[in-house]
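In the two complexes that follow, chain A is the common piece, with chain B as its partner first and chain C second.
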Partner chain A sequence: MNCTARIISIYAADVSGVCSALYEYGGMTVIHDASGCNSTYTTHDEPRWYDTESMVYISALTENDAVMGNDEKLITDLCDAAEKLHPRFIAVCGSPMPAMTGVDFEAIAYDTENRTGIPVIAVDTNGMHSYIKGAGAAFMKLAERFSKPHDRLRGTINLLGVTPLDFSLNGSVESMKKWLADCGFTVNACLGTDTSLDEAERLSQAEVSLVVSSCGMKTAEYLQRKYGIPYVVGAPVGERFSRILADSLRAAAESGENSLPCLSERACGGEVAVVGESIISASLACELSLETGRGVRVLESVGESEMSVLAEGDISVDDEDMLQHELKGAKVIIADPLFIPICSADAEFVRLPHEAFSGRCFSKEIPDLINTDVIRKLGLRGKI
Partner chain B sequence: MLKPVMEQRKPEGIRIADASFPSPFRSGLEYNPAARGSWNIVHTGMLIPESHQIYVCAQGCLRGVILTAAEMNAMERMSWVSLREEDMFNGEMEQRVIDGTAHIVERMPEKPRCVLVYLSCMHMFEGCDFKMIIGELSSMFPEVDFLDCYMIPTMRKSISPDALMKRQLYAPIRKLPTDSGLVSIIGCDRETDKSSELFEILGSAGKRVWEINSCATYDEYLAMGASSLAISYLPVALNSGKAIERRLGIPHLHIPLCYDYNEIEEHYRELCGALGIETPDFSENIERAERALTEARDTVGDIPIAVDFSAVPRPLGLALLLAEHGFNVRRVYADGFMNEESPAFERLREIAPDLELYPTLDVGMRFARDENCGEWLAVGQRSAYFLDTDKFVNIVEGGGMYGFGGIEKMCGLICDAVRNPKDTRATISLKGLGCESCL
Partner chain C sequence: MIKVAIYGKGGIGKSTCTANLSAALASLGKRVIQIGCDPKADSTINLLGGEPVTPVMNYLREHDEEPTLVEQISRIGYGGVLCIETGGPTPGLGCAGRGIVSTFSLLEELKLFEKFKPDAVLYDVLGDVVCGGFAAPIREGYASKVLIVTSGEKMALYAANNINSAVKNFQDRSYASVRGIIMNRRAVEGEEEKVRAFADKNGLEVVADIPRSNDIIKYEDMGKTVIEGDSSLEVSKRFLSLAQLLIDEDKEVCP
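Then we have the complex of A and B:
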């Protein structure tokens, strides 16, 4: 893999994932960076920025401070801002320059917490990974730091991995909550969107975790390790697959066992390709497979999605050349429009914009696929 | 431990009478306001016709520039090489740039005339040999002009990315036999508005004007090399002009964009001197500017006015012009000022001591947007955002308006802003004012 691309876009980076994951918890998230990370995040990766206040900042690192290792400047600035803004917690993460100079974020967090008395978490990023790694680590830190032991509440579900990078502000979060309610469940916590720090605090009382994107996987594993909460992996995409997912949640609540219905309920291979983050793509593939009886292939294109949901014939490929090669055999391609230039003109291209890939370019046309007729919504009738 | 204090996140302005110059605010963590009209290095690089941009940097840095190109429907002119952890320490950084760039260029169905290779802070801190990289690529693809460009925001105390980009923007241009009838205006994101007296003066001296913004082909772009004089008026273009003078031997004249009549006349005198012509009488131009200011003031009435640094490089200068002509100028949004703003700063302290200065990057500005602050007229996107007003002059970097004609034009935009409110969110959300957008 040569990590080059002639014409396609690139996924949101780890620092954006951190900011997106922690956006609604009343904390102050600071990227140790000179400039650029914040404008990229707030312009392309954060649809809530204009309307919803959240304390996301950069440290404004300079060449002098980078070379001289002036961590005191960052700590002082964190303390000053905290005194002014009163965040419920502070999160710090890093861009490539701190990675090069070897900044010790855990030490900075420790020192800042001692000085301010405010909880400070360090999230391991360096700007060289995808949003999945960043958001996953941020959610995990949130759970580690703020979740407290609670008695289990029957019928309650944690929705894990819900950021606008994967679930645009198009009603899909509300749809997931409604679907769970219609199935007789109660949402205990929805990590990432339409949420609060109280929800993070009570994560342990859920009966089951539902991992709807790869960003939630690490937290699900943690909650199982720490509190014994089983998890089910899949997004409630389409009507048939959503029914299976609801059954899986009930089964997990009974058995305490994890399950991956988006893998187990799907016919593999075939000439239909879904390109994108693995869990959502596998869930869509599963729904299409259930609807048509035909195999659907998942091409995981982030490179850091959850790989356990990939079936035989699926592939993880984040390199433009390799992806173009893999797409050659597909007759129908469901993917973000910024993949069009590497798709064969002979293939039927179905537009499914993904905010984490194309930002706000096509955000107005991102469909809400939760518990609905996806064949109709994606205009697939007669095509597959 | 922090002492509990009252929740007071909104920053308060500093009276100009109490402010220090040129940095009225303390630096610290920085906020990013949701006003996107200012150009970035991608927009500027795209001004070179028939060129292609390749960014070699980390995923986080790539994301912003790639999506800038995507939003301006220019992905066919944009490629990238993503750096990973191993690139930081394996000692192969230069080769990585060469291999990645060559791989991309080889796969292009048609070779571009010019490839802008953008290197990052990582290369700078590793001490990469940029000259060797460009030399190697040039020998591999002799038909292509390779240009080293920089996305190095960490060097914020040395040179701004914008100024560096403006310098490199003209680097592929080679010296041509001097055409005494050709004069270039350099360093502008948009063409200079024809309302400027610059064009009359240059026309009267028999000069044709070259600006990069009107070049449709690479050959038209290269024709700048025949210029007899290069003029710049934006501060970010100063380095660029000096580099052109040094490298190509084309005399450079920097006549900064300003709003003081005497200074404007002085700049025109300098220009006429450089052209070897007599300085014309600007009385009529000044009269027209005065009439326009009077009309604008009558149109605006007592509506409070805010000016910000994203609109004009000299917000204090513009604020002073307006204040001296009876406008109700109440705020200036800027994080710092150029030294050239010192006379305007001092004069404003005398005639408008209550004028408030606000930062734009301070952490508290996250909470500064005020939906209930009443009617305001803003000059610039940032002030329009903070004041949540739909009456604003939508320009960046001076808007191409220069001289007395520029002031007249600005007054027209002020009147229009009052008469025709804008959809603020939709307008200021677009990146790179004037560029194509898919949004």
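Then we have the complex of A and C:
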């Protein structure tokens, strides 16, 4: 069977991506779905849920309302909730049931905004895509709706695609900011974590965008189209690759050209495989390649990551059987521990938990790999 | 861009009117896309010499994966009209309305409009606005105008009234609005008075008066529109006049 997972986990869905992307902006995120339980969307893979409040709600869609197309109930509930909670904006997104009945969320957003006077954005989700598509669309809507034209500020960087689904709350966001500061840059906006709506508003004043995960790619493309801001694709994983990334940011500021250093600086192929989201995996592969002089393969396992960073010999494979087959040739596998059951016992398995895949299961194990000795951090010395 | 959705009672001649309007627009030099939004998938057949295009839903069913190219689910017909049919699920199963929504999402992903750069897009929609999916063609970004096809028959006018009411219900949603009525004559006694009375009551304009014509049937048997068959016929001239009206109105909006 294609596209099935009998053994391994699956990645967080698009709706979880929306919730994570919009968590800190003071908006009210409403998922149009049955029940009132939030655990499906936020609690399992959202570490901020336990100590940071955010207005995330489920509409409690009933069978009758779905069959009758009773959008008015949702709109009225949105208006009532907005009156009580005073969110800075409202985001509505869909689950499988409204997807099947063809609910027009753009129209609901339009109508609700006219009634409340509060900005309302509709994020295109159906519960059947990955967190990358959901978070990517949510960030993009945020940028479209709230960014305003500003004069360019020299030396400023937008960090795009920073959600705990990819960068757990393990100090890696602080490390990225420190690394940028040490390189002489100023963070203009950090979309997703440790952020505010003011940062979304001033996105246009950055000199360059740095796309650290696939969740930030659409926004980077939008900011380039709209404001002419070039982008660099790669996460500052490891010391050598971080230096290259800093040079790429300087070059992009100078030339206005985009670049993908996590693709261009890497030796391809080889018996070491990094499994996961493409940009972070490619960045790690690049660092390992630079450190060892050997090729490192990326097995993009989400199915919806940014594909332009994949090199010759890399593959995007979100089907369990195919992934198992691809992993057979690897002597060292760096992946989330929930991939272990489909890896050969002969391969050296290096645990690199990913919150979007295993949620809270191994969150305390997730290392901060930003601008650091990743060989040591991952215990790879002597293995590759 | 001219963006029109054509609604009306089942069997009233929507596909005939839509295909002739597409052909008329094309013969006036416009790049046209016609999208049939009916599980029967017969909207564009008379633009294609009687050889149907593979409907999108059929493609999905047969290949179990989405097409990657517009060419896989479209064919070029008379006058360069790009013909697409949503089709539908296996009869008696699934959800045809959802199929329309899925098809539209797919066409967006395939960047149909960006690539083909049409001057006019016509959506030929199944009988009535029965559920959310069949309202998809009048959502923001798709059709901006609705034309309702009706004859003077009681049930056709009844359906036209339902469609007009349904579209009005969406006025808070920035959807399309009803531009007018295409009177497709069926030789009913007092037909013009009945249709004009309905139009007047609802504040609508009769934008085209299509005479009953055996030429339509004659050319449809040959897999053609009357525009292709003989553009000098009176019935063809009526479609050409409607096409010109839409072109002129579009010029006023986008000079």
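Definition applied: the second predicted complex is superposed on the first by the 381 of 384 C-alpha atoms of A that agree within 3 Å, B and C clash if a C-alpha of one lies under 4 Å from a C-alpha of the other, contacts with A are read in each partner's own complex, and residues count from 1 in each chain.
Rule of thumb we're sticking to: a residue touches a chain if its C-beta (ideal position, glycine included) is under 8 Å from a C-beta of that chain, and two chains touch if they have at least 3 such contacts.
On a predicted model such as this, the values are computed, not experimentally measured, just so you know.
> In the overlay, answer first, second, both or neither for which of chain B and chain C A:Ala181 touches.
Touch partners of A:Ala181: none, neither chain B nor chain C.
> Taking the superposition on A as described, I'd like to know which of chain B and chain C A:Lys84 touches: first, second, both or neither.
first
> Between chain B (first) and chain C (second), which does A:Gly69 come into contact with in this model arrangement: first, second, both, or neither?
So A:Gly69 only meets chain C here.
> Of chain B and chain C, which one contacts the greater number of residues in chain A?
B
> For A:Ala5 in the superposed arrangement: first (chain B), second (chain C), both or neither?
Once the two structures are laid over each other on A, A:Ala5 reaches chain B alone.
> Which of the two partners, first being chain B and second being chain C, lies in contact with A:Asp111: first, second, both, or neither?
second
> After superposition on the shared chain, which partner residues are touched by A:Met100: those of chain B (first), chain C (second), both, or neither?
both
> Could you pull out which residues of chain A sit against chain B in one structure and against chain C in the other?
Touching chain B in the first complex and chain C in the second, residues 99-101 of chain A appear in both lists.
> Hey, which residues of chain C end up touching chain A in the complex?
95, 97-98, 100-101, 131-133, 135-136, 139-141, 170, 172-175
> Could you pull out which chain B residues touch chain A in their complex?
The touching residues are 1-2, 5, 7, 9, 27-32, 34, 36, 57-64, 66-67, 70-71, 75-76, 78-85, 88, 99-100, 103-104, 107-108, 120-122, 125-126, 151, 153-158, 161, 361, 363-364, 366-367, 425, 429, 431, 438-439.
> Note which residues of chain A are touching chain C in the complex, please.
69, 99-104, 106-108, 110-111, 114
> Could you pull out which chain A residues touch chain B in their complex?
2-16, 30, 33-40, 42-45, 49-50, 53-64, 66, 77-78, 80-86, 95-97, 99-101, 116-118, 126-130, 338, 341, 358-362
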